[in-house]
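Got a structure here, written out as structure tokens. Questions coming.
Lettered A, B and C in written order, each chain numbered from 1.
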Amino acid sequence: MSEVLLVEDLYVKYYTRRGIISAVSGVTFDVIKGEMLAVVGESGSGKSTLGYAIMRLLPRSGAVERGRIVLDGEDILRLSEEELRRIRGGKVSMVFQDPFTTLDPLRRVLDQFREFLAEHGIDAERGRIIAEEMLEAVGVPKNLANAYPHQLSGGQKQRVAIAMAIALNPLLVIADEPTTALDVVIQRQVMDLLDDVKKRGTSIMFITHDIALAIERADRVMIMYGGEVMELAEKSMLAKRALHPYTVGLLSSMPRIGSEKLPSSIPGYPPDLRSPPKGCIFHPRCPYATERCRTVKPILSEVEKNHFVKCHLVKAL
Amino acid sequence: MGLARYIAFRALLIIPTILLLYTLVFIVLRVLPGNPVLAALGTKNIPEEQLKALMRELGLDKPLYQQYFEYLINFLRGDMGYSMIIRGRPIANDIADKFPATLELAIWAMVMSFALGVGFGYVAGKSRGTALKHIARLYGSITYIIFIPALGLFLQLLFGRWLGVLPTGGRLSPGIYINSITGLYTIDSLLQGDFNTFADAIKHIILPSLTLGLVLSGPFTRLTLSNMERVLGSKIVVAYRARGVREEVIARHVFKHALIPIVTYLGLQFALLLGGAVLTETTFNWPGLGTYLVDKIMYRDYTAIQAVVILFAFLVGVISLMTDVAYALIDPRVRY
Amino acid sequence: MTLNIYTVIGLAVILVIVLMALLADFIAPYSPVEASGMELESPNPLHIMGTDNLGRDVFSRVVYGARTVIVVVLIAVILSGVIGTVLGLVSGYISGVLDKILSFVMDSIYAFPSLILAIALSVALGPNIFNAAVAIAITYIPTYFRMVRGQVLSIKNESFVEMARALGLPITRIMARYILPQLTQTLVVVFSMNSADAVLTEAALSFFGLTVQPPTPDWGFDLYKGRGFILSGAWWMLIFPGGMITLLALGFALLSEGVSQSYVVKEGE
């Protein structure tokens, strides 16, 4: 089993005017070659922060406090700015939520593409060929290569972004809610495109709030809440037998065809990460919380093969 | 609408503005007290008959509406009329004489204020700390309060009198002559390959353009800084970084974004520039349209004032048109 | 409203200069218009800012000169503020043809270099203090007009104004009670920024000899005279009047910067 990415005991904090926010706390997981790992959570669960931390693109107020991020055997946290720059877009690349705000509106698509390739040491002539090939591969019509971003549709822009993200055959693509800003039909096409990317052997870390989409598309699913991993399992396992009360809540909050039950939402609010609750971070919203949950923090443990859960109430099977 | 049609449409809009300003100046000059003949003679003791004769000669005895339209029609034919004070002197000659001096000053002052203002804003915008940003913001909002003659005279004192390295006024040193081609001495001297004259012209224009440029540079600093901050904090920059594009290259792209609102502002600056040029020219004995206009206003030389005002209004209109077009060329999102 | 550091410094500078103008009789050691020393004395214990080419005490002229600029600026800013605000209110509220014409006239004046307009107007009106103030006022009316009109246009369709209209309140009452109070913040900022500008325009008109007649002391005119003595090295004839003009304008500029900053902070909270 070859792992592309290994994240160990990662802590990320934001230092803001309103206080110190523990955005990611003690997160450990890996991404295996050629798999799609879905990271699922509500906004504020730390799932995007995780993505930005791996890219080392946290905003200035954010900092990695502890932990290791190992990409292809190299600890990313120890790299210099220049080494990082070469890795970004090379070994690991990112696709963002909103394609309307991530392409430079003042420059032609092909120019941005070629500049990106040139920054990674590819000469102009080959750059042009690669860029044109890649755009064609993701289904952007040839005549649009010389267009400005505003002349493209939302789906086309996201295709361009994906084309750039995979142009240099990265080991890992971090896709941060890549379909949220798009309508349903386009969403499906973009997800199919990511499937194709996966088939080329590139691993994908698919960040989403949509657990249904995650179970449908990913190989493994990681559930985050309040900056911590609550559950991590293969998708079939999770779909059949989710064990963490939060995951169960998420699953029952999604509408199902043919079900008599109305979708129910989890009562309560996400935790205030400036002063997270003691004990299990989910206990204030957990219907089964006990005294122990309120005082002792549970640890993530493997309750059956490849199924990790962070909950006092779930015993090893 | 295509670019050409847009330009034509905007150009048409300049006409009513010019008409309005001409009308305004015409009314101000005619309705308010004062008489160019008396002002020119510098005395009120002049026989009634002689005054009437002079008035007739200048066309000032005609009904106002006739004066108004005659001047306008002549102007449209390209005839700016004759001076009322120095009789027989065509205004067009004066303007052809003075305009290049003002244009040269304006261009260099624009270059100075753009370089100083945008440069400072760019450096402060790129800096990571906040101290430089605070200074830049303050600089941006208070430089306009510098009184041009005060600064200009201080610079003359410093560089002209105490250090003795730069001249205190004029466009060229005595004894240096130049064959005028464009009327812009820094360009003419280069065209003719005369580097001594070029150096002399540069020496003369440094202080006036620095004075005017410094006073006008504040808004550029403020705009550049706030735009750099806005764009640097945007997702576009995060996306560039995620693709491994070098910081210097990103800064260049960000600068282009920051430039757009600044270009729009250039047009607005131009009216201020003309106003500032009047003071700068007087302070540095710069023989341009500004000093000319003040001179003519003092003597109530109606035709000359009208001509210069129309020319200024025209310039302001053309520059604002040009900035709109430049804006469209930089930002591909702009449609007409 | 919390007091911003810029506001404090700005107000202090303005206050000191206003006091200087009011108490000139007590502060100035000599008459501003009569010779009290030799010609062109450099600063010395008897004449702390030296003497001018006619042997008059520069310090005394600087102190008395504050009167001219403050009177002109005060009249100009109040006049333009009142007229511009009233026209803007009416134009924005009533709309229609009158609004179109007024806006066009104001925009045209606004686009034209204000200093040149002020020079032309004060020459036409005749050079004296009051006319200079009127000339400056006219060039600033569009600033207030545009600002007030824009605000009125956005406020007038808000529910509380429509309610007042539905109640049948007279227009004047609606403006005074419901619209004007909404404008005070912006007006204060524009007012102080305008004052800084007015100081400079007054100085410019004086520089061209369009305000007071000699020998009345005036910073702008004194600076103009000092210009003739650069080559004699009489720096004190330039630095002091020129510095005072800049200082007073700086006071108003800091005040405006400080006031607008505290408003931004307040809105941001």
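The rule we apply is simple: a residue touches a chain if its C-beta (ideal position, glycine included) is under 8 Å from a C-beta of that chain, and two chains touch if they have at least 3 such contacts.
All values derive from a computational prediction rather than experimental measurement.
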| item | value |
| --- | --- |
| Greatest separation from chain A - chain, by CA centre | C |
| Chain nearest the global centroid, as defined over all protein CA atoms shown | B |
| Pair of chains whose C-beta contact count is the highest in the structure | B-C |
| Chain centre separation in whole Å, for chain C relative to chain A (CA means) | 59 |
| CA centroid of chain A to CA centroid of chain B, Å | 55 |
| Chain centre separation in whole Å, for chain C relative to chain B (CA means) | 23 |
| Touching residues (chain side chain A, partner chain B) in the complex | 55, 57, 85-90, 93-94, 96, 98, 101-107, 115-116, 119-120, 148, 150, 161, 164 |
| Residue ranges of chain B in contact with chain C within the complex | 16-17, 20-21, 24-25, 28-29, 32-34, 138, 141-142, 144-151, 153-154, 156-157, 160-162, 168, 271-272, 274-276, 278-279, 282-283, 293-294, 297-298, 300, 305, 309, 312-313, 316, 320 |
| Residues of chain C defined as touching chain B within the complex | 104-105, 108-109, 111-116, 119-121, 123-126, 196-197, 199-200, 203-204, 207-208, 220, 223-224, 226-227, 230-231, 233, 235, 238-239, 241-243, 245-246, 249-250, 252-254, 257 |
| Complex interface listing, chain B residues touching chain A | 234-236, 238-246, 249, 253, 256-257, 330-333 |
